[in-house]
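Some structures to go through are shown next.
Two complexes follow with chain A in common, the first pairing it with chain B and the second with chain C.
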Partner chain A sequence: MTEEPPRRIGVMICQCGGNISDYVDTEKVRAEVAKQGDVVATRVEMFACSDSAQESMVQMIREKKLDGVVVCSCSPKLHLSTFRAMTQRGGLNPYEYTQVNIREQCSWAHTHDKPAATEKALRLVRAGVAKTALSTPLERMRVETIPQVLVIGAGIAGLRAALALSDLGISVHLIEKAPEPGGHVARWGRVFPNDKDGRGLIDTLVREVRARENIVLYLGTELTEMSGRIGSFRVKVRTPTAETISLNVGSIVVATGFETYAPKPGELGFGLEGVVTLPELKELLATNPSRLEYHGKAVRSIAYVYCVGSREEGSETNLRTYCSRYCCSATSHIATVITGMDPGIRQFHLFRDIRTYGKYEAIYERALRGGSVFLRFGEEAPPSVTSENGQLVVKVKDRLMAGEEVELRPDLVVLVTGMVPREDGEVARVLKIPIGKDGFFHEIHVKLRPVETVVDGVFIAGAAQGPKNLAESVTSSMAAVSKAAALLLKGYVDLDPMVAEVNPDLCAWCDACTLACPYGAVEKVDHGGTAVARINGILCKGEGACVPVCPKQAVSVKGYTNDQVRSMIDALVQEVA
Partner chain B sequence: MRVDPQFLTRVRQGGEFDASVCMNCGVCTALCPLGVELLPRRLFRYVLLGNPDAVREQTETIFSCLLCHMCESNCPAGVHITENVRTLRTHLNREQYHLAEA
Partner chain C sequence: MFSTNAISDMAIDLAGSSHLDYSPTVQVIAIPCSSGINPTWITHAVEAGFDGVFVAADGGECAYIPDCTARTGRLVEQAQSLLTKSGSDARRVKMGALCSVCSDAFVNHMKQFGRELEELRATAAAA
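Moving on, here comes the complex of A and B:
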């Protein structure tokens, strides 16, 4: 083994304003790590991510002629890219940077034992330094992107996304599982806030979609397979004739929407004659906009029960603690529509809280002025819905009457059902995008990256991400379009270079890595007359499943080479004084 | 109490009645110089929901109102409280005392 020339590594230790330094003795860690070979500069900062701390570090890289940087702070999820960029500003290759997490893994995890938290921090920092000492500069791989997008779901969000992408000159494959496009909105009649006809909205969009040369609409079609990666996905879809079509797209927009909560039999009278859900009432009104009839009988009074299926515990895999956002406004709006048909129809709204937020507040007020009466019930005392000789009886303790029980005998009971995620997990399974505790697709960051998923190049739009009203769905769909377009219009994408590579001199082509790789990234090539494996860096995601299965130790992941990992383990088990 | 959905329509035959925007704040009650027993907000809610018995029980209160406008002038929701009380009196005159229209 040849002696490597010593490295010049700088270590910055963050106190995170006490988040770290209240439990980890940052000065002690600094003093200890400064004794480490290869470490030529150390510093402690109140906030390593602050502009001033970063600038000092950039200065330090230059003045001390550093060739490797370690920052000991928070999770790399938060600031890996921040400090890579800092390292680059100092004139180094960004992959000469290592992040050590002494907040989530030390100070936050071991608040009960400060000396142990400090000792663990020191061990982790030593491992980080050891890894950096063996780091090599890596270059990101630039690959071309395909200016085509697969949009899944032709509801309001998907249709709108397809048109917006087409406007930008990007070709769209729009697939819809149902035999007709339009989703929920097509069946819902007049929709708030501007009282437009849902069918009309959808028809206009579908007509426009069909007129576009760069949009192909596939009905009755489902996604079955996906491979490849950002910029170049290979997907397979199955048409109603069971034909499989292969498509090559640069990005995928998931706009699969939601399902309406289906009440359990007997829940608030569900199953009794005259008890319907909000979408059923909407469809009833859409089919007969002039008269309100249910099963041939004129409806003279209605009781609405709000928050059915929303804002409750639900199950472990489907936490329904969320508010479904659209139902209060939709029901207030429907009340104004019914008052418009016949002001004599009495409407009683049994609610927990009214959330006609923002501009929709005016709809609630219109409903009030139209004669709707709102009765507030507590979560602990939900209304009861029963039937006496075919007459519906609704009992509720009205909080606005100090809990006095009010008995209604309406012709129709409307359960204002919220949104739940789609049961069908096929899209999530094929695309490998995560699902949140509520069962909806999970975004990377709720505030800052609301339409991106952990799968680069796959975006979520509309109510597939969580309950949204129509306008909000379209807004989110436009956000997904802008993310997809920003990616594709640039024409290329720079991929993370931390991918696997094979040493062809060691490889004996045993096939083990091929079987271990879930991304089909291993190719069989010729190397001086013998067959060896080669990793397609474009397909590889650097997850390393191939590394431990190789009997010859011929495979390693760049940035996490076998030597680096071994040196990290050695550093971790080193004595701590 | 059982709701009579047609009660409001009958009350309105006696004049204008509108308390739809009442938000149950209670300013009316706090300001009433007579300190009437029943909250106007509660009385109006009986009307809106449709509870003829509860309204009839409050006949005394409805007729002891001074119509001084103290509550109405200060109602944050702008409910025409005194007009509503007048309408209720007309209603009671008809339904309970069977007085013919003048």
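Moving on, here comes the complex of A and C:
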């Protein structure tokens, strides 16, 4: 190791406009790191990510003939790819670049102690230099992608996704667990914002889907297995006849939607005759659009109770702290539909806050003008719903009347129930995509990487990601389509080269890595007459499960080799003058 | 401390973004997955001079391996028995699960582990 020629590493330290330099003495860090062996150039920048700073760095790479680059700035989650690209523009291999996080994991964390933060920053930078000194150029592996997508769920989001992908010339396998397509929207009757009929909307989409040659719709069908990787997934689905079909797809769009919150027995009178949920009322209206009847009796007055199952006080077991977004607008819209049917039906809305945001405000306005009465209650004093001799009695303390109790005797009580995540965790289990704290699928980043999951090539569309109204579901579905299509229309994908590799001179083929590998990436090959393990880099995900099990220390993940990690550890504990 | 690129390192970032206070002696090496830690890295860190090594596993969130926690647990045990053999206290290695938004849990772990290491040092000094 000592015989190797010294490296020529350049280090750029970012002040982040004070976010770093207010708590870390960046000039001191620069001066100290400049003394390190292997470091031949250093600079401090106000904003390392700015075009001008990157341009100066590109020049420095060329002028100083650098063979490795370290940028000490923010979290690699933000700018790793930015600076890898910069390194590449300087003519180096992008994997000769190391990002050191001295903002989120240093300056911002230790704002009260500048000397300690400065010392820690220096240690972190040294570790970054140590890692880079042992870096090797790595090549991304280019593999072809299969121009087919598996869309899971044939509700509004899944149907729209299938059609949009088909428009782009990408074949779609659309699977739906239920025996009929359409999800919630098919049962909902007239829906906001355009007052279209949900059934009609779905029928139009399904007709179109069935007419497309490049869409196959599988009903009553569930996902059972998934293997492979971005660009080439192998999935298995089970049809209603228990037949298993194997499919090869380049990407997967998860549009499994939501479930409606089911109130607990007795919650706000749930279980009493005449107490229904919002979707039940929608279905009632959808089946008989001309007359509002419940169990054969005409309904002349309705009390809606808002925020049932939404915006609750959080606890270890209850995570429904979120607003379900669609219910205020949906209920205001229903009120206008009912008024249109019979203006004589009296409607009382018991709400906490009305969130008919954006253009949906007009719907609330229409409901008000139609004669709906809105009564506001406080979270601490929810209404009570009881029954006296078969007559529903609703009591609510109206905030506008200084908490005066108002008693209503409606024919129907509608619990405005929110959205909850699907309980069936099978899709998440098979695809290995994470679930967020609220129980919905977790997208990587709401702004930087929306609809993406940590499993490359698997995208989330619609309310499976979180409460959304119909329009928002379709919008997110289009986002997922564009991500999937952008990936597949290119025809290839460059895989991360940070995969495991075996040193064949150390390997004694004991099978331990084969057993540890969940992806079947280990192959047995011949190496000068002896059997050794070799990693198939296309199947390997680079997590390193094979690393700790090897008795010969023959396996490591590129970019995280034993030498690299040990030298980082040594650099972290090195004395700070 | 070892964190994972996709999950627990996000929690540590979040702790910084939220200006949560923890000791600047905590230093993190981020790797792809805690199941890929070579136990000898842990013993090397202790021998090199770290008071303790904390392995931030992903709990159930690991995107790579469903039984990641069990695998990480095994390699942590291996590291502990290596430390015991070389005369170090096995309690200098600790494992905990951190989800991607578990910033409070991270800080609490660091405070708790810091106190435990302090006690170990005090006991060792007294002996």
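Note that in this section the second predicted complex is superposed on the first by the 562 of 577 C-alpha atoms of A that agree within 3 Å, B and C clash if a C-alpha of one lies under 4 Å from a C-alpha of the other, contacts with A are read in each partner's own complex, and residues count from 1 in each chain.
Everything below uses one rule, namely that a residue touches a chain if its C-beta (ideal position, glycine included) is under 8 Å from a C-beta of that chain, and two chains touch if they have at least 3 such contacts.
Values in this document were obtained by computation on a predicted structure and should not be read as measured data.
Aligning the shared chain A places chain B and chain C next to each other free of steric conflict. Using the contact criterion defined above for the overlaid structures, shared-chain residue A:433 touches chain C, although it does not reach chain B. The superposition places the C-alpha centres of chain B and chain C at an angle of 120 degrees about the C-alpha centre of chain A, rounded in steps of 10. In the superposition on chain A, contact is made by A:117 with chain C only, not with chain B.
In the superposition on chain A, contact of A:505 is made with neither chain B nor chain C. Look at A:553: by the touch rule set out above, it reaches chain C but stays clear of chain B.
Annotation for chain A, partner touching more residues between chain B and chain C: C.
In the overlay built on the shared chain, the residue A:455 is in contact with chain C alone; chain B does not reach it. Aligning both complexes on chain A leaves chain B and chain C separated at their closest CA atoms by 40 Å. Common to the chain B-facing and chain C-facing surfaces of chain A is no residue whatsoever.
Partner chain A is touched in their complex by these residues of chain B: 1-3, 5-6, 8-9, 20-21, 24, 42, 45, 48-50. Remark: chain A residues 300-301, 344, 346, 348, 365, 368-373, 375, 398, 400-401, 404-410 touch chain B in the complex. Contact residues of chain A toward chain C in the complex are 75-77, 101, 103-113, 116-117, 119-120, 123-124, 127, 429, 432-434, 437, 442, 454-455, 498, 516, 518, 541-548, 553, 556-557, 560, 562, 565-566, 568-570, 572-573.
Of all the residues in chain C, the ones that touch chain A in their complex are 5-6, 9-10, 12-17, 19-22, 24-25, 27-33, 35-41, 44-45, 48-50, 61, 63-66, 71, 74-75, 78, 99-101.
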